[in-house]
Amino acid sequence: MSNNIVEEFNAYRSKMNEKMLADNNKIIKRIFNLDTNAFTEGALSKKTKELLGLGNSLVLRCDDCVRYHLEECYKLGISKEEVVDGMSVSLLIGGTIVIPHLRRAYEYWEALEQNNA
Amino acid sequence: MSNNIVEEFNAYRSKMNEKMLADNNKIIKRIFNLDTNAFTEGALSKKTKELLGLGNSLVLRCDDCVRYHLEECYKLGISKEEVVDGMSVSLLIGGTIVIPHLRRAYEYWEALEQNNA
Amino acid sequence: MSNNIVEEFNAYRSKMNEKMLADNNKIIKRIFNLDTNAFTEGALSKKTKELLGLGNSLVLRCDDCVRYHLEECYKLGISKEEVVDGMSVSLLIGGTIVIPHLRRAYEYWEALEQNNA
Amino acid sequence: MSNNIVEEFNAYRSKMNEKMLADNNKIIKRIFNLDTNAFTEGALSKKTKELLGLGNSLVLRCDDCVRYHLEECYKLGISKEEVVDGMSVSLLIGGTIVIPHLRRAYEYWEALEQNNA
Amino acid sequence: MSNNIVEEFNAYRSKMNEKMLADNNKIIKRIFNLDTNAFTEGALSKKTKELLGLGNSLVLRCDDCVRYHLEECYKLGISKEEVVDGMSVSLLIGGTIVIPHLRRAYEYWEALEQNNA
Amino acid sequence: MSNNIVEEFNAYRSKMNEKMLADNNKIIKRIFNLDTNAFTEGALSKKTKELLGLGNSLVLRCDDCVRYHLEECYKLGISKEEVVDGMSVSLLIGGTIVIPHLRRAYEYWEALEQNNA
């Protein structure tokens, strides 16, 4: 059941991204393009950058962005301990207002693990 | 099916607004009243003001506010190209954290078009 | 039916809190611990502090946090008039972007009342 | 020296408020008017409402708004212990990102005390 | 005296932008490049887009961004009445927390007018 | 001259932290204590955690928090290229509204380098 969260999120995300990009708005297309380029190996490793993407998304309290970066972290083989260590920094900086998003992050990570068990 | 998004949003919005206003709290009533008065023809056109309402709502990442202003834009005959052009400015200013809200905005606009096809 | 909102929220909240605390991350555990300690009688009364928690949550537009503090306010016997008076301050300070969260706050308060009728 | 913070803030605030209100923009005028009306005795006491104004301003990290409400709290005879108790709730909810604003709040409160010593 | 605000802002802005771009970070360079391209004539006029940039910046409470867009609006010949009408929408949506930024926006606009008197 | 930025920031920070902690408010003291404990070696390295602290602070647009974490990064020997790579992720996620804070971050980093040249 819990893998539905992952599949539903990705299906909706793909479907809507396709519609947005079909629209050929230059700014939107370039920002999507930048997004793909930003999380590549550079002075910092891809792994560190995904952890940054996750942390930034968590303090900004964007559940979908958190889900996306959790999944990228998972695919890169970042461990749950590392992900939770990073999220604890965001909880401290962002305050208890972050807690509901942390709950949903835990739920999504669990679904990722079950999907791949 | 997709017109449900529009109908459900408006039904819930009306029902709850009614309950809030029935409460007779002065501050709440006056702010609702101001809200009706703010988006009228002035130094700027009603159309420009609705686009401003939409853009402000998008960078503040409030899905319901985005939906409300999308619908007002639609009723005023603002084209999809204009709405998307305005939203692209908000995406650039607000960053990729805005993307999930943009997806839902696209979905709502599509539902508005289908409802009126 | 409406008591489902309350029950569902609390069931999910408890289940996920348990999972997070089972993880034994020090920062997360201490912040949860602080959270329990912050809303106790001090220079300000418990009641005033819950109203502060509610108001802060509302301007930060965190629905789950609003729900949590509404429920604490309800349990402390704070009246609807007091809760609405406090929320009207947050609406003014936070702007109309707060309105969708206010709608959901009204809905949750109503569910709390019906659950206890 | 430190009373300059208070005097400078109030002088600038008064001067600019006057200019804004001279402009006769209806929305701006009404919101200023509401602002005066919101912090009056109602279901909640004036004192509780000022504490709410302070807490809301602190989590939204608006230094000038914090200063304004600190001064109102001071004038109402709210003690430093009460103000700090309220601000500690906002620190917990808003996270360590609130700390720099808390530093400036402490500085302003000290200036208020020195001005009136 | 007040034209110093404008000159100081622009001097600092230019100096630091130069340093950032000299760094040759791809993401930063492309976002700066996008920024130049976003506020051009499209489905919406340049004027409407600058008003959107101003409104978005105001609700996000970024003084420097507000200053930048005020200046662009001024250069495009947008009148004070139009600018204030747009900002009143942002005040309503963003709440009284926006007021301190509105004060500084008024001060900057006045400096722009005096510089060009 | 530019080292003044660093010295002034640290002097003010220390002075006000001392005053806040002298107050003996339990919540404030514990959060300060947590802050010291959060950025230590764990599942993630101290270096990665400081980069997370920096990135989180940047998207939340807190200049003082950015300065603090820049200085910690500098002390840990993190290179300018790594810091800029991390900040570029935050710029993309947080949008152009982050740019003014990025300017001030560049200025502070330069001051750190000059102080230690």
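Residue numbering begins at 1 within each chain, and the chains themselves are lettered A, B, C, D, E and F in the order written.
Note that a residue touches a chain if its C-beta (ideal position, glycine included) is under 8 Å from a C-beta of that chain, and two chains touch if they have at least 3 such contacts.
Here the structure is a predicted model, which is why all the values come from computation and not from measurement.
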Legend entry - Where chain C and chain D overlap in contact partners, by chain label: A, B, E, F
Inset, instruction - Enter the angle, 0 to 180° in steps of 5, of the rotation superposing CA atoms of chain B on those of chain E. - result: 180
Legend entry - Most distant chain from chain C, judged by the mean position of its C-alpha atoms: E
Inset, instruction - Examine where the copies chain A and chain B touch and state whether the two sides share over half of their residue numbers (same) or under half (different). - result: different
Legend entry - Intercentroid distance (Cα basis), chain E paired with chain A, Å: 31
Inset, instruction - Go ahead and note the Å separation of the Cα centroids belonging to chain D and chain E. - result: 27
Legend entry - Centre distance in Å when chain A and chain D are each reduced to the mean of their C-alpha atoms: 37
Legend entry - For chain B, residues contacting two or more additional chains: 26-27, 31, 34-35, 38, 56-57, 59-60, 65, 84-85, 88-89, 91-94, 96-97
Legend entry - chain B - residues contacting chain A, complex: 61, 84-85, 88-89, 91-92, 96-97, 99-100, 102-104, 106-107, 110
Legend entry - chain C - residues contacting chain F, complex: 26-27, 30-31, 34, 37-38
Legend entry - Residue numbers on chain B that touch chain F, as the complex places them: 59, 91-98
Legend entry - Residue ranges of chain E touching chain B (in the complex, touch as defined): 31, 34-35, 38-39, 42-44, 48-49, 51-53, 55-60, 65, 79, 81-82, 84-86, 88-90, 92-94
Legend entry - For the chain D and chain E complex, residues of the former touching the latter: 12-13, 16-17, 19-20, 23, 25-28, 31, 35, 56-57, 60, 62-65
